[in-house]
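Next up is a structure, given as structure tokens.
Each chain gets a letter, A, B, C and D, in the order it is written, and its residues are counted from 1.
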Amino acid sequence: MVVILKENPDKQQLNKLVKWLESLHLKTHLSEGAQQSILGVIGDTSVVDIELIQALDIVEDVKRIQEPYKNANRKFHPADTVIDLGTCKIGGGNFALIAGPCSIESEEQILGVARAVKAAGARVLRGGAFKPRTSPYAFQGLRDEGIKLLLEAKKATGLPVVTEIMDLSQLPLFDEVDIIQVGARNMQNFELLKALGRVRKPILLKRALAGTLQELLMSAEYIMAEGNEQIILCERGIRTFETYTRNTLDLSAVPALKTLSHLPVIVDPSHATGISRLVPPMALAATAAGADGLIIEVHNDPAHARCDGPQSLTPEAFADLSKRINHILEVR
Amino acid sequence: MVVILKENPDKQQLNKLVKWLESLHLKTHLSEGAQQSILGVIGDTSVVDIELIQALDIVEDVKRIQEPYKNANRKFHPADTVIDLGTCKIGGGNFALIAGPCSIESEEQILGVARAVKAAGARVLRGGAFKPRTSPYAFQGLRDEGIKLLLEAKKATGLPVVTEIMDLSQLPLFDEVDIIQVGARNMQNFELLKALGRVRKPILLKRALAGTLQELLMSAEYIMAEGNEQIILCERGIRTFETYTRNTLDLSAVPALKTLSHLPVIVDPSHATGISRLVPPMALAATAAGADGLIIEVHNDPAHARCDGPQSLTPEAFADLSKRINHILEVR
Amino acid sequence: MVVILKENPDKQQLNKLVKWLESLHLKTHLSEGAQQSILGVIGDTSVVDIELIQALDIVEDVKRIQEPYKNANRKFHPADTVIDLGTCKIGGGNFALIAGPCSIESEEQILGVARAVKAAGARVLRGGAFKPRTSPYAFQGLRDEGIKLLLEAKKATGLPVVTEIMDLSQLPLFDEVDIIQVGARNMQNFELLKALGRVRKPILLKRALAGTLQELLMSAEYIMAEGNEQIILCERGIRTFETYTRNTLDLSAVPALKTLSHLPVIVDPSHATGISRLVPPMALAATAAGADGLIIEVHNDPAHARCDGPQSLTPEAFADLSKRINHILEVR
Amino acid sequence: MVVILKENPDKQQLNKLVKWLESLHLKTHLSEGAQQSILGVIGDTSVVDIELIQALDIVEDVKRIQEPYKNANRKFHPADTVIDLGTCKIGGGNFALIAGPCSIESEEQILGVARAVKAAGARVLRGGAFKPRTSPYAFQGLRDEGIKLLLEAKKATGLPVVTEIMDLSQLPLFDEVDIIQVGARNMQNFELLKALGRVRKPILLKRALAGTLQELLMSAEYIMAEGNEQIILCERGIRTFETYTRNTLDLSAVPALKTLSHLPVIVDPSHATGISRLVPPMALAATAAGADGLIIEVHNDPAHARCDGPQSLTPEAFADLSKRINHILEVR
């Protein structure tokens, strides 16, 4: 951490600051210049609340040098985290295809899609029961009933399942769910993150529309600080000025996150683009960029899907894409 | 709503679409051109799930013409909504200054600040008990104890109070709180919004970092659809590429929201800029732009505040600002 | 400047770096920690090319502490720059209203608008001759002929005039123009900026759609480094995810730029919002925020303007706004 | 085009609008509803200035349905444009690797890099002579001398060369240059675009930091409208809120642009990320996404490059990457 001091800082206040930092087991070095002095702070600064220092009269600015996260940091945990679902693994060289409908609509639909995506190579089944929708008048998901149908599809196909939680009061319904998804809108729902830190199952944490990579890792840190270290990070597009696509898929997040952290990183090209014909090229690109998996929307009848139809692939298109992804995996 | 059709649309599918729209009591008009045909849809389209149409094979694009919100829409409710707190009103020409510390730290602190801001002209006291912090290692607020201290300050000064809820499980603690704040990170926590729609007290709804004006109004609509029509909208800065300020205060949101909706609109210049010296000019600007109120962070000792010190005003600076705001109010 | 070193940096390379920095008359201080060492660099670092250091093997990151601009920096030039146009001044407490049509269309139009805005209190006449348009099929301005008409309006009314240059080949036409405008799209047209640095007249420099405050000041520095210190900075809205307004007016740029620099700062609420009914509230807000002037589009017949009609005020609306601006000026 | 009318539009004005549209050989259809009426406009609307309509009193909003570009539009020109450089082709299934240093620094450097990248599989040599730099104090390129050295490298290796133009006054120097690059900052330098439309050589047009896909295509249209149809579009990262990477590479632009237009699309992973270790994964991802080529910065001694060292690859790293790109090309 580097503290940039105002011109002619009050000596007494500076002394006080130095003593406080040293009481936190940090080392400080003062570099004095004619117009500007800086105080270098060395040690574990992740516990320091940067705003406390920023607010001091003698301080012009504070810049972090170390990342403010620890459990999620590759520097302190060099080996890749591997999520083991029994039937498949994610991370540490293991790639997993996750697929299924945006929302669960009926037994017939979820079972049909589950069988189709399994046959095409998917290793995990996705399906939304609780649906975050911008409008209160849009279909909100089958909720409890949806979870039940998803678990039936799990039984029928043997595929582990992932579905989204929207509020911590729903947690009891997720007992047999294999991976709990935290959606982009809840990336900074800190009470939910803390509760999921006390759960013992993998969490699929999606990046918020305006979430920086550092904030995504800090949200992972919230979960990990409570004891749950099984987290899968998911890039799903960020909000920018471009309106042609629903969001802008930030694929550089894949190698960046894998450098900064040991957690597996997957990509959701369906929500990122919002346009089914852009899903295959972005899925292939994400694979080439080094993603540990993909989560893709597949619907048996996209034109009549109750949500996100425009971005869903048919089972046939998914099967074709799955083959092309395998070709990339062989050469990447 | 305008449905742009692909070249040579299948007649049968087009017929099916037209019949379905008419079954929703909408009128349709087909304009056929050599290369492009469009289907105009007239009536109350707020209930139509636009994605259902977008996913159809014969459809190239769909454009909404009407706003997808109804209860929050000024077109259907021309008169300003006025929030009446007994001791003061917000909206419909009534301006209210809301002030207080970012977080409640002690009885002495909250009481001291409450008295100071009241003396300077504040009509509502703010203070955070549950604090959303990016880092799990930063101060998380006094929580239940904070609410208790805030209610003591309410008793002591007679000021109505506003404080943030972070999860719906906390709702029972808000019984004597006058206004419940939904923070920017929870603007699309739809389960929380629905629950607050069943509460009978004003909700202060902050715009998300990446929330469009329309999404903010749709979130208000979630609350209103459940029966609670007392909502105060709050512009508090959006996330852009500019990093000099913490966020970018979008003041054009004030007249824009007041055109689109009848709900009162206030501005938070403290979180928007993150820099105390920018708070007064932005508070004055917001007032001149027509805001119905301001929410400003004031701390008796910003240099030792446990959070957001850099953006807090001293009580003296706030008293001075309050006078200047009044001057603007007289001429605006 | 602070250089963050990689773990166990090569001593020889570090020595070489230190010697090179000292050869530039900079002082260095090394703070060594167990895991991280940092090199503080004190002195005039604006001449250091930060990328040269960033590329070194031993360097993890470099953070600037000092601003990289000098001539535009208030630290080295505390007094406000005042632009003196003879008939009026801008900056240092002097506020100027600049108004006129987006584009010059005919002698009758420019003369009519010029007389109307002068009567309403405008001190400078604006009017576009060279028009940057997104589409090659849109009206491109009257060009040379437009400049001629603008100068006739100057003669007829005595108002100084400002108009935009789009390429340095057009410079000879600007001899009698009082202020040369550099549009948002040319903020980083560095060849043009250098040429304008050798001109001896005020330059109105608009912020780019994706230009940071620092980049705007660096562009001013390009002009100033060549000897022309008469620059007026202009905030005109930045591009964000919000699409309700054409751009997002960043009013915090006004007090921020005035802190960082001594140059006058004006605001263009017409281009920022793109909606005429949002122009008056944003003009009043900009005035309250401390702007040194405003540049506003006024057209005698907005419904038939050849460009930017939707954001133009009528002369009557402008006259009314001018009075309200004066009321704010009296109390700000 | 769809014109949304205000409630109870004046019949006479509406008639006038309809007649004017019909005089432009467009067909109109009026759909009247109780609260809202819309006017559908069918035909070639690319020549209509949308703002003229938007400004009318009776109009609430106007929405384009057709793209406002024609020459660049795949709808009117279904076959891929292929750029033929004699020794290699770009587009229509032909992939080209473009590589070289950010800036030309010396004869030895440009020749060395040219030979190395040719050996590794590059088909075009890049090198900057005129360098757009944010700071006037940073290295501005060797300018005329740089072009001379680049042409020597062309002679020595037989590689066609691409280099950036910053102002149209530099055009005479580009006689023997094979591809003229328009940088991101000049994407909307319309005078330059028009001049390049009268040149008979390929133009490499980079997307602006805040340029939408549509604006990029409109800028291509500026060049094509003057007669030059040899344009290569280049995605090089856009500006977003994320600061970990220099820009955010928008790879979905590749399939999107190739759907909208027949022009070849290449990707610049070096400027997009600004970090050399992110260049290979993003280069592979761009290839998998369907790009027609890549432009990559390679420097023989990145640690001593005079500009953009942190994002340059060594010749060895480039040779390795080139092989991996070929593997992706074989399976994509």
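We take it that a residue touches a chain if its C-beta (ideal position, glycine included) is under 8 Å from a C-beta of that chain, and two chains touch if they have at least 3 such contacts.
These figures come from a predicted structure and were not determined experimentally.
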Farthest chain relative to chain B (centres taken as mean CA coordinates): D
Matching chain pair for B-C (criterion: over half of the contact pairs shared, by residue number), options A-D, B-D or A-C: A-D
Chain A and chain C: spacing of chain centres that average the CA atoms, whole Å: 39
Rounded Å distance between chain A and chain D, as computed from the means of their C-alpha atoms: 31
Whole-Å gap between the CA centroids of chain A and chain B: 26
Residues of chain D whose C-beta touches two or more other chains: 210, 239-241, 243
In the complex, chain C residues that touch chain A: 2, 4, 27, 29, 31-34, 36-38, 40, 42-43, 61, 63, 65-66, 239-241, 243
Footprint of chain B on chain C - complex, ascending: 210, 212-214, 238, 240-245, 248-252, 254-256, 259, 272-273, 277-278, 281-282, 284-290, 324, 327-328, 330-332
Touch list for chain B against partner chain A, complex: 46-47, 49, 51-52, 54-57, 68-69, 132-140, 166-169, 185-186, 188-192, 194, 208-210, 215, 218, 221-222, 225, 239, 302-310, 312
